Amino acid sequence: MKLYEISKEPIDIQAVIDKVVQRDAGAITTFIGTVRELTKGKKTLFLIYDAYEAMAVKKLEQIGDEIEERWSGASVAITHRVGRLDITDIAVVIAVSTPHRADAYDANRYAIERIKEIVPIWKKEHWEDGEEWMGNQLETVAYPTGKPEAGDLDE
Amino acid sequence: MKLYEISKEPIDIQAVIDKVVQRDAGAITTFIGTVRELTKGKKTLFLIYDAYEAMAVKKLEQIGDEIEERWSGASVAITHRVGRLDITDIAVVIAVSTPHRADAYDANRYAIERIKEIVPIWKKEHWEDGEEWMGNQLETVAYPTGKPEAGDLDE
Amino acid sequence: MNKVLFFAHLRDAVGAESLSVAAAGKTVAELKAELSAQYDLPRMETVMTAINEEFASNDEVISDGDEIAFIPPVSGG
Amino acid sequence: MNKVLFFAHLRDAVGAESLSVAAAGKTVAELKAELSAQYDLPRMETVMTAINEEFASNDEVISDGDEIAFIPPVSGG
């Protein structure tokens, strides 16, 4: 069973959830990232996601390891879609199970924030009047050393 | 489509999620409450959930209304199971969609905390050496006026 | 007449899911006291009351036909 | 030889998914400068680098056979 996947096919949410079911978990949270039509008033037609697949899987695994270290008893599975996605299509599913519910929310949220920092996946937005590769940190963060800061990678 | 349900049958997670899909939502969170085997070192064999069904549905609706008022653009669906549940069975599924992800986590967590306060559903734990109706606030909170405080009901 | 519903450990104590009681004109507190005298109802200070599926205060007056429910501390989720 | 991978807007700028380059002995910074001179690579100060699928510093030295990837700011999730 692969806990961390990059998928060219639509993501089966239930299949991701099934990977984290455990007898000592009382809570499972999932985060489902979907393609939103309007961003800052601009209408998206569709998206293309591309990934550096081998490294992306490694970085998802790293995020899972970070979570299991930080939240005792946590179990994690993440699948990220690549290719063309239309409005309301699912880009990512994160499932986290923990013994108690507060941890399931916190650990899940940590996962999505980390994905947006260190997992090599890019989206290209297509609008009626153009298209562009998006970068969350585009022109707002520079990496003078060529890699993210230690805090980003190891925290 | 019923957004708030009490179900005697196993809950179809995907069906609950489908109810909150919207073109302007970029995030869906789900909370899945499952039956945990160990609680404070004691081994649960199975649970029975019982509900005051008509009122429980109303109170779930109230929670949904509270969320939609507090988190702009949020959409909510909740199904709670009743009857006998075994270890890892699903007791409750809460799905919340919002335009942005932070709200989807916060609103979802609000829902589960409110369920534990105001929705008339009870669980009976069965162990090897006995059984007991559980109350989260059992003997820790009294209701001298006969109902929860205004803050609990109206906040 | 009024239907009075019991749940969880109260149902076990009463031995019935509901009782038919003439409670019109009584307050919730009076009905609670009356039933506590007839049945061994434990921890009534932790029990909430609903009239017609809405939480009600101890001093609310019951009308004929109202459905009353005693709501022990809930444990859903 | 080294395989150098490009993604997102860098791939559009280079016009190829990857190039085969002799980069052994060079630092990441040197390779970046060299490729920037040949291609119009925008916003390289925001681009991270990976060697063999792990983030690497600008001063890391490339060995023969290492797979190099230039990682623009990511936008998954």
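Every chain is named by a letter (A, B, C and D) in the order it is written, and numbering of its residues begins at 1.
Throughout what follows, contacts are C-beta pairs under 8 Å (C-beta built on N, C-alpha and C of every residue); 3 or more make two chains touch, one makes a residue touch a chain.
On a predicted model such as this, the values are computed, not experimentally measured, just so you know.
**Student:** What is the minimum number of touch steps required to go from chain B to chain C?
**Tutor:** 1
**Student:** From the C-alpha centres, identify the chain that is farthest from chain B.
**Tutor:** When every chain centre is compared against chain B, the largest gap points to D.
**Student:** Need the CA-centroid distance for the pair chain A / chain D, whole Å please.
**Tutor:** Once rounded, the distance between the two centres reads 23 Å.
**Student:** Starting from the mean Cα coordinates of chain A and chain C, work out the distance between those two points in Å.
**Tutor:** Inter-chain centre distance comes to 49 Å.
**Student:** Please set out, as single numbers or ranges, the residues of chain A touching at least two other chains.
**Tutor:** Within chain A, the residues that touch at least two other chains are 33, 112.
**Student:** Could you run through all the chain pairs that touch each other?
**Tutor:** Final set of chain pairs in contact is A-B, A-D, B-C.
**Student:** Of all residues in chain A, which touch chain D in the complex?
**Tutor:** Checking each residue of chain A against chain D gives 33, 49-52, 54-56, 58, 80, 91-92, 112, 115-124, 133-139, 141-148, 153.
**Student:** Chain A touches which residues of chain D in the complex?
**Tutor:** Within the complex, chain D touches chain A at residues 5, 7-9, 12, 28-29, 32, 43, 45-50, 53-60, 69, 71-77.
**Student:** Provide the residue numbers of chain A that touch chain B in the complex, in ascending order.
**Tutor:** Interface residues on chain A, with respect to chain B: 13-14, 17, 21-39, 87-88, 97, 99, 101, 104-105, 108-109, 112.
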